[in-house]
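Each chain gets a letter, A, B, C and D, in the order it is written, and its residues are counted from 1.
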């Protein structure tokens, strides 16, 4: 993996060989105040480093952070969430359109102080019992909520990626949510006078996603239902991507494929099966049976705690490998 | 086989019949997904189905459990990001028909899927709106499927998650909406449609074997009936077998994984 | 091609067979006031019809229309522009980020009353002489201009596709264009108070694009430098797509490829080579020599008029076929 | 071969030297494109080049004539739509270095590429801003390449297409900009950089064989010189051969098609 230190070293060697370093030092020093330019630019972060999932979480997810573990049904980063729970992170503001089982587990484990979301159910099954227990009964502790519609959340991620302070939409017309959420406001079109809904852009401290694969430079490919993950990564200060595999050549299937270049990602961890019981298109299917079974596990606090002890607290990222499959059609 | 069908089957098939080949349909999970795919596999083979996960013109062989099962993407013409789905396709005015359901509905087809009780201290915290608030305003028309019952069909909603006809009459137009809003509520007992002027729901057809009194008793407000109330045609053998086949395939698929 | 009349006929047959038609007539008639529902929905237009280019232009491009012939260097719909010139359209408002040779020809031919654009040069070569002659000297007649930056135009197309009345951007800071263009205004973030630039959404009467291929249903694939064409089509009331070929199966290379489904396009015309001297990735390259040669042709009014007589007015869409190549890698 | 090079070659190579492997560079057509690719083929092989047509991390073998030649797409890591390019990548703050040129420049590195004369009744209508207004504000730093001359380096611009340092001093900061703006103007005669405080351009190095008076005479304002003015190192043989090779390949390619 080519991190920024390697790059700087490489540049120094090449320039010295060319006998131009003294001249260039003058020229670039003036413009960058003695620091490598790219480190001081808004929105440009460290280059992707390949590391273990434990190290990636430890280095990037801190108590009190706002975090988005994204993935719209597909490519949900379960392994990264489990590692975050194991490392005992607290007071997180959890951002996600569909909290899903992944946030039911993090909320039940006591990681969250606030949830920003737009649809909080177990898809096709029913309630998220741990989320409900937190909202209705304050267990394991009180959970603040900031609730939006899907359209507003999707637009807010999009605005974050576009470095805008807010998103606007033709939304919430006749709905009650603006009455209870002060973060839903309005903006007036300066040409037509139409009043549109406005919500703040989402700019997480950290976004965490799962993707099919990365190449050795750290470029990442997403394929299939790509949700808001590209936007989540581009909107965040830091980002972690878990992948099924690292390959020599990324070979995106189309010139217009969804790619995140290595200079948009902080850390990459190889975690085969890391989206289970969600799925990675081309690798393994969604475990709908596990989603159905979760209802009974999460309904009762003790059953939930026992399951978490056995499956998360006593586990490790490598456990997910048993759900992985070789890529369909790969050599 | 006709003559023995469940109320839910009747509801799903009645909903399927409201769809045509021309529909570009924003599909929700559950009864809407079943209805849309029954329509596709019977009288509307060219219907375009869109799920909010970004899958456009999808033709699943089994019903998805979630809104983003791999089956949807693998059988779609193409798949877009979720921001694009909500911006270009839903808000863009491309969807003719949106399907909604909810925990509660009122006489003007407004829906609640957010909370029972006070929002800040809810008695029951429901999943929330998801795509519903903007589906309700941006689709050409809205179809609603819900099983009847006095806890679901209520006099007053504690929370309006998505607007139907609001306070009735021209409320939608007054808010600047150009879309039709709910044009039918298809239940397990009957089909309702809003009055052209007042927009209050009225029963237009009752499913076979259901008494008018049963319908009225399952509603939490004084339910109106249209001047002419017909009997909903019973499911045809073809409709029933298509629905039961896809549900059997679905059960097997979801158990397996 | 499956147009709406065929679809309605089909539905009637199937429902009649099922014996349900009387019931359904009642049910749908109430909600649609006797007209097929999809015809009355905002933003949903007639299904794609396959027709000749001459018919497509005649049916969709009218005098006085605002039109966007888009394509960012790649896939510029030259054949469609030539047909529009031949049909003698007048008083068009031409919308395009980069007017390029295509609008130099339309302006010189007298089709335009107004130009909305963001960069008006012959890329890598120099001036657009016909555009300059119109702006500087009013030849062949006066040309109104509405000038933006690329970022503003791109955002305005995007807002049009998203059915928003305006676009906002962090733009035009310290620049003079807002002083001379009253269609550049501002909007204030309701959360941070930041003032952003605002421009009206672009909603052309007609958008015209060229694409690699369509399938027999009328679904269209774009691949490579896709520019703002998807947005231009989705933002427009009507749209024409010229394609290199029609194929049995569209087979987009990626599940996330850029596709326009048939219900977003008004007309499709097969015009192999129709983007020349621009190019169609995978079919034929850009004719940079032709772009270079255009400078001398366009510099002089008489030379230009003679060239137009020989190459456009005396021509036909089939002339472009000589520039076409079979798709690379196709069977 | 060193010792015989044109002023334009010197300008292009001096511009190339300001780039590093860490740069994510928004490339314009002409001298910037040549400079960026010379950097990539010499000391900065890992530089990321982005063209506004949407091509990201591209490695063209010949220089494109237009901003969207097929070569750029075919050798790119991936290609995005133009709205995405301007929203997520440029406005998103992902670009470290933007290259600009123009018909005219003033002492604070503001640029004009719009009109000479009155905007409504122009003497010369230039191409316009294109991406420049937002490149100027959203990239981490701006590099400018322009050949000198008194009609290009002017006392007062008739039109500010893209802002450099505005009226000088903290003008950019006062407008809320957090990016650096122009950090160097690389000409065919010399290299200028803005004064750290006043932001007025001053010559910091003069190309080999060029007299100080020649530089001053080619500027329409009273040009400042830094306290220490060095001689720009002449192009190395490697730099020259890389530049000439890519330009020869380019000429052949553009004639052919």
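In the analysis below, a contact is a pair of C-beta atoms (placed from the backbone, for glycine too) under 8 Å apart; a residue touches a chain by one contact, two chains touch by 3 or more.
Predicted model only: the values in this text are computed from it and were never measured.
Remark: among chain pairs C-D and B-C, C-D carries the greater number of C-beta contacts.
In terms of their C-alpha centroids, the spacing between subunit A and subunit D amounts to 36 Å.
Distance from the subunit C centre to the subunit D centre is 32 Å, each centre being the mean of its Cα atoms.
Shown for subunit B are the residues in touch with two or more other chains, namely 73-74, 79, 81, 87, 91.
In subunit C, the residues touching two or more other chains are 163-164, 169-170, 194, 224, 226, 230-231, 252, 255-258, 281. Chain contacts here follow an irregular pattern that is not a line, a ring, a star or a complete set. A list of each chain pair in contact follows: A-B, A-C, A-D, B-C, C-D. Residues 2, 4, 7-8, 10-11, 14-15, 18-20, 23-24, 26-28, 30-31, 36-38, 40-44, 161-164, 219, 230-231, 234, 250, 252, 255-257, 259, 261, 263-264 of subunit C are the ones that touch subunit B when the two sit in their complex.
Those residues of subunit C that touch subunit A in the shared complex are 163-166, 168-170, 183, 185-192, 194, 196, 198, 200, 223-224, 226, 252-258, 281. By the touch criterion given at the top, residues 29-30, 52-55, 64-70, 72-74, 79, 81-83, 85-87, 90-91, 110, 114, 119-120, 122-125, 127-134, 136-138, 159-163, 166, 171-172, 175-177, 253-257 of subunit B touch subunit A in their complex.
Subunit C contributes residues 72-74, 97-98, 117-121, 123-125, 127-128, 131-132, 135-136, 147, 149-151, 154-155, 157-158, 169-177, 180, 194, 224-228, 230-231, 258, 279, 281, 285-292 to its touches with subunit D in the complex.
Against subunit C, the residues of subunit B that register as touching in their complex are 17-18, 20-24, 42-44, 46, 48, 56-57, 73-74, 76-81, 87-88, 91-97, 140-141, 178-180, 183-184, 191, 193, 196, 204-205, 230, 232-233, 236, 238-239.
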